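Starting off with a structure, shown below.
To keep things simple, chains are lettered A, B, C and D as they appear, and every chain counts its residues starting from 1.
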Amino acid sequence: MHFGLTEEQELLQQTIREFAASELPAPKLRALFDEGSGHDPGLWAKSAEIGLAGLTVPESYGGAGLELLDLALAFEVLGESALPGPYLGHALAALAIAEGGSEDQKQRWLPRLASGEAIGTVALAERNNVWECADWRVEFRDGALAGEKEFVPYAQLADLTLVGTVGGGLAVLERDAEGSRVDAVDGVDRTRALGRLELTGARAEALPAPPGTAERVLDAGRVLLAADSFGGAWKLIETTAEYTRTREQFGTPIAQFQSVKHMLADAATEIEPARGLFWYAAYAWERLPEESPRAAATAKAHLTDRAADVSRTCVELHGGIGFTWECDVQFWVKRAMFNRTFLGAPSAQLERVADLGGW
Amino acid sequence: MDLSFGPEYEAYRAEVREFTAEWSAHAPLSHERAAEFRDRATERGYLYRGIPKRYGGSEREFDAFREAIVAEEFDASGLPWRLGAQGVGMIVPTLLEIGEEWQREKFIPGTLRGDYVWCQGYSEPGAGSDLASLRSSARLEGDEWVINGHKIWTSDAQDSNYMFGMFRTEPDAPKHAGISYLLLEVDQPGLEIRPLRQIDGAVHFNEVFFDDVRTPADWIVGKRGQGWQVARVNLKYERNLGGGSMMRRHFNGLLELARRSEIDGRPAIQDPVTRRRLAELEGYVRCVETTYMRQLSATANGEEQKVSLPILMNKLYGTDTREKIARLGYDLVGSDGLRAPAEEDLKIQSNTETVTGWVDQYLFSLAGPIAAGSSNIQRNIIGERGLGLPRDLRSPS
Amino acid sequence: MHFGLTEEQELLQQTIREFAASELPAPKLRALFDEGSGHDPGLWAKSAEIGLAGLTVPESYGGAGLELLDLALAFEVLGESALPGPYLGHALAALAIAEGGSEDQKQRWLPRLASGEAIGTVALAERNNVWECADWRVEFRDGALAGEKEFVPYAQLADLTLVGTVGGGLAVLERDAEGSRVDAVDGVDRTRALGRLELTGARAEALPAPPGTAERVLDAGRVLLAADSFGGAWKLIETTAEYTRTREQFGTPIAQFQSVKHMLADAATEIEPARGLFWYAAYAWERLPEESPRAAATAKAHLTDRAADVSRTCVELHGGIGFTWECDVQFWVKRAMFNRTFLGAPSAQLERVADLGGW
Amino acid sequence: MDLSFGPEYEAYRAEVREFTAEWSAHAPLSHERAAEFRDRATERGYLYRGIPKRYGGSEREFDAFREAIVAEEFDASGLPWRLGAQGVGMIVPTLLEIGEEWQREKFIPGTLRGDYVWCQGYSEPGAGSDLASLRSSARLEGDEWVINGHKIWTSDAQDSNYMFGMFRTEPDAPKHAGISYLLLEVDQPGLEIRPLRQIDGAVHFNEVFFDDVRTPADWIVGKRGQGWQVARVNLKYERNLGGGSMMRRHFNGLLELARRSEIDGRPAIQDPVTRRRLAELEGYVRCVETTYMRQLSATANGEEQKVSLPILMNKLYGTDTREKIARLGYDLVGSDGLRAPAEEDLKIQSNTETVTGWVDQYLFSLAGPIAAGSSNIQRNIIGERGLGLPRDLRSPS
């Protein structure tokens, strides 16, 4: 029994942490954020070089052959670093093809995804807060897609998009396919771009995925968002602790004011004990499939909600400067908003926790 | 207890309503017509009741209900009667209370007419909650103050003619005793205004930099070194009654949102968890409303001491209630919470009509516990002045 | 327009406050609490002498002819003082007869209720959390009552009990009527006794009450509980503020610790602005009947919930001693529990707030 | 990561389970049989693994998983294996770590067998959070300590043979340096025990009064004036792993309550607001469980430093989660929340079977933020030791 990280996993996190520190110094992150595309091709290419694009792709297809837990640990650090880029959609597309693609599809896409040469994404959401497969309304008939998908990460950039279709199917749509149109969405989180996808007979190819594949993609995504939220929240707590140690008012660092200290202690206590939630959910996704949907929903609801709360506390403790565009705190405030909403808000996830618990 | 206004006040309300109806027919008013509207309203005693006629006021007997009726009706009409909060709201009463006669004559009439716009120079990057640690300085050179330093959170700076502010004039005096309260012209060399972008993308505030900025020696309110006391008078006006009708309007916006949003295919207002949260909020909003009524009533009856405790709580309570509204609103917009506030949302504060207006409200509500006296400072004030608890342990500074 | 108290009202409160201070010194309250009957005949008689038993009874029937707001203001002070006795059920019985009794019933009962010679109560609750008239199941047929009522205040003591019956009727049951049986309930709040009433053909007399009378009795009760909660919570805040000014730890009064100060400031800020809720609800009960049910539900839900929260904070700030039976804080903790549950928990009241708001 | 225990441990679990099944067949065990049961369990290495055989332990190699398996299985069996927390849990490890050899030999074997029951003398009425301000004193007279003073919150005092506690022996030394750690016999003249009734009516604690109570000079653990350091060693054992399975059991009790309670005529577990609150709690309970797993795993792997932060949070987090469970439970009992806890509820702590058991839990949960290091003290510890924040401003005492 081992409920902790291996040395390899700690090394993986360390590698990404160092990558982010060297390749994404604060002014560069700031510039990317202000520019607003949520993407830097050079950064993406370099991150692919250290393996970030293909962590879970099987080694036989050119990936690192790791598990969802490793990917989640990577996302924890992406959250810490607020790394802009198409990591989430890309990872889910790669998981979907590895889990549900034909041999031909795997050979065609996985090596290119693993190397980062191709960028993948997933088109899951539809209007009226639809995220669950059972509610998808996009039609896939005679090899053609019809309908609309909302909030597709990096829709304009992706070389392939896995489109969720009626009945929980997934279809591979290639970039610039005729009958598909992408409109950019002005997203609140500028580290992750979004687009709207309109499908009017676009050619696509179904994944011969076993039943439940789309659900597993959603579950994996929820685990990754939980991990990202954990990393982001913890980073904010550390940043804010440091700020309160140095910011002086009334002749003393504000951390010496007990109410400030207690707000930070409470924030930390909301987050730290939730680390095991995403660990467990990631582990369950690989090893305890019957527990996986509920563990993923629990981790997603709990961690993204707590992270949003903590982000508010951290703005407050920064005082006026925390409310400004120029303060870096906003990156994590807005990532927390994204994480909380994307793939279904806590309210919906909690209802699933109740349902799946047989309550 | 009697919550009816009675025939006299109802008649007054009808008269005011007739007046606003006439002017509303011509809306929107040009800048000039707006000034004329305010002039007419002042002539009739609707505006500036507490201000002597010689400064441009209507000089009427104190009547909190007439004031409240006018505010309600004018607000409902959408007519441009509220001038900048800094001018009519802060500097005018301050000058009336402790200004020199020539200062009143020079500054008040133009401010009331809307010709003079004011901004406020209080906060500094290093002096927020601990405002008295401010370092922007003024030194007397001949018959002028020469000002250097850096202010922040200055709203309306670009549109202002004048600034009032606190500057350190006695560098050797103790912290609170070294500050003077100065007035100055905004449009002059050495004064630079830099817009400050908020977390939601909107620009309502500025930083102001002073590099040998000048103002006449007698443009000082109160005496040298008494700026802190003057500002306290002034802040009294900033933290005035938190209008109950404003909170109700925000809450009504939330109810509308709950009616038009869907959860699981039916209106969110039918969702049991949403209903519960709304009903809890109804309690808080009603507390704001009834507390406002208590304060209005006590003010009208000259019994303000009976509401000194709730007055201390207005800011904190209002902030918390607004945050609850904003957070529920953000939840109700669902997936649209992924969107950025639109340009139009940033112009209107608290746009309740659009989904992205609620995204903006969520972000804007982050300022609540920070602005105009942080929530933690409010808690200290409530604990110390309200409950008689001793002051915090302080570092020996 | 006047939303404040008159001098007479302030005097009324002052009178009751002084009465409680002189007639119920701390050791006596403690003794009554430990003894557990929730009643002291001498105290009741003296409180009737100052008019507490008949505040809202019309002057023509020997009462003070005051309004519900005055009664609520009295209950605020009863809450402050944790005064044990049958005030709540008695007041509601008197209101019910005044509002819905026949002339004969009024003449028979009101003067005796007003003088305190007779004690009245109301039997409203039934099993499974029933409080609302629409859910009452006790049958009243051919002058006889059949069924069970739960949580009847001072059931054993009351000379008359107004029993809620199917369809929202009210029937007057006299003490020790044949076919009625009372079992004492061991209540958590020892300042207010409760009993269970079993009715097997007990003779009773209907009130010829206009429709809605029973609802108005419930609404009035909710206003009174809100007022009692306000008084109790505020008393606890003041007591606790005083305790923190004197209790020393680490060489200083604990009130100087900012987190202690802020907990008290937050508690006070949850309570003080809610004063107007019960004022308004009491006013509405008399003058704005169409707003009354919702105003009463709002005041009941909000104030009893906040008072329960505050009572927890005040125990915490007292430290270990606050957790003991010997510490007086428990009186208000338990009154807050009673107030929160009696006449329907906040959850049920909030649902009514939503319904009555047309949501 | 690997959450399976593997064949070796599963076999061990099977063996333990067989053992408990045998003994459970004879349950409930008499006092004597219970002692025999523990002796047999110790012989097999199930109990007291970390304690040398010469003191009555089983002296096995450190294996956190075997310990956890035994605890889980023994708990599930309901057999009487857990002796008083003060004895086996606190004084035994303390004596092992810093006691004299003769003290270990004299006290440990009897304590492990259940013959010696211990109580703790730490808190005083004037020394709660600020424990080091304690004033109960001991002065050396010849070869005896003479003890005077007053302790509070002493559980099991009536049933105890011995007390360990902190007493001021160096009145002139600074606060923390004037305390010694003494052992003493409970049954002697001058020592008076007064039961302390809790807010819920139960009696689990006592006050203990000392009037020239005596204990031998060498019944001291550590040196004179080092009592504070000894107690810190000791408290380390008090605040050990907060078992995750315990929280899950409480939560399961709440779920059962939600299944058998009704709201609006249907099971409360179908009520949307209740479901939402339960699902939120599921998250908190799972955090407790997984944090426990992290700590167990790290302990087993000798990597305790990796979990030092969550260990600081166990008390606060557990308190808050228990309070959430108790409050929801209290809401679910509805009108029965008007009832007092019954006698049976007061005997069993946290009775989840009866409605009044939940009333008691609500009241008992009031102790959470107070007992064993108040929540505010926990927050200071988390902020200072966990997040590296500076110490509070303190009065110059």
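We adopt the following convention: a residue touches a chain if its C-beta (ideal position, glycine included) is under 8 Å from a C-beta of that chain, and two chains touch if they have at least 3 such contacts.
This one's a predicted model, so the numbers in the text were calculated from it and none came from an experiment.
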If you tally contacting C-beta pairs, which comes out ahead, B-C or C-D? Let me know.
B-C
Computing the C-alpha centre of each chain, which chain sits at the greatest distance from subunit B?
D
Between subunit B and subunit D, what is the gap in Å from one C-alpha centre to the other?
53
Can you give the whole-Å distance between the Cα centres of subunit A and subunit B?
40
Going by the contact rule already set, what residues in subunit C reach two or more other chains?
252, 256-259, 262, 347
Where subunit B touches two or more other chains, by residue:
273, 276, 376, 379, 392-395
Note: in the complex, subunit D contacts subunit C through residues 123, 125-126, 128-130, 133, 152-153, 196-199, 201, 262-263, 265, 273, 331, 334-335, 337-342, 359, 362-363, 366-367, 369-371, 374-376, 379, 392, 394-395, 397
Taking the complex as given, what residues does subunit C use to touch subunit A?
257-259, 262
For subunit D, which residues count as touching subunit B in their complex?
271-273, 276, 392-395
Quick one: in the complex, what on subunit C touches subunit B?
1-6, 69, 237-238, 241, 244-245, 252-253, 255-258, 261-262, 264-266, 268-269, 272-277, 279-280, 283, 287-288, 295, 298, 301-302, 347, 350-351, 353-354, 357, 359
Applying the document's contact rule, which stretches of subunit B touch subunit C when the two form their complex?
1-6, 9, 65, 255, 258, 269-270, 275-276, 278-280, 282-284, 286-291, 293-294, 296-298, 300-301, 303, 306, 309-310, 313, 316-317, 376, 378-380, 382-384, 386-393
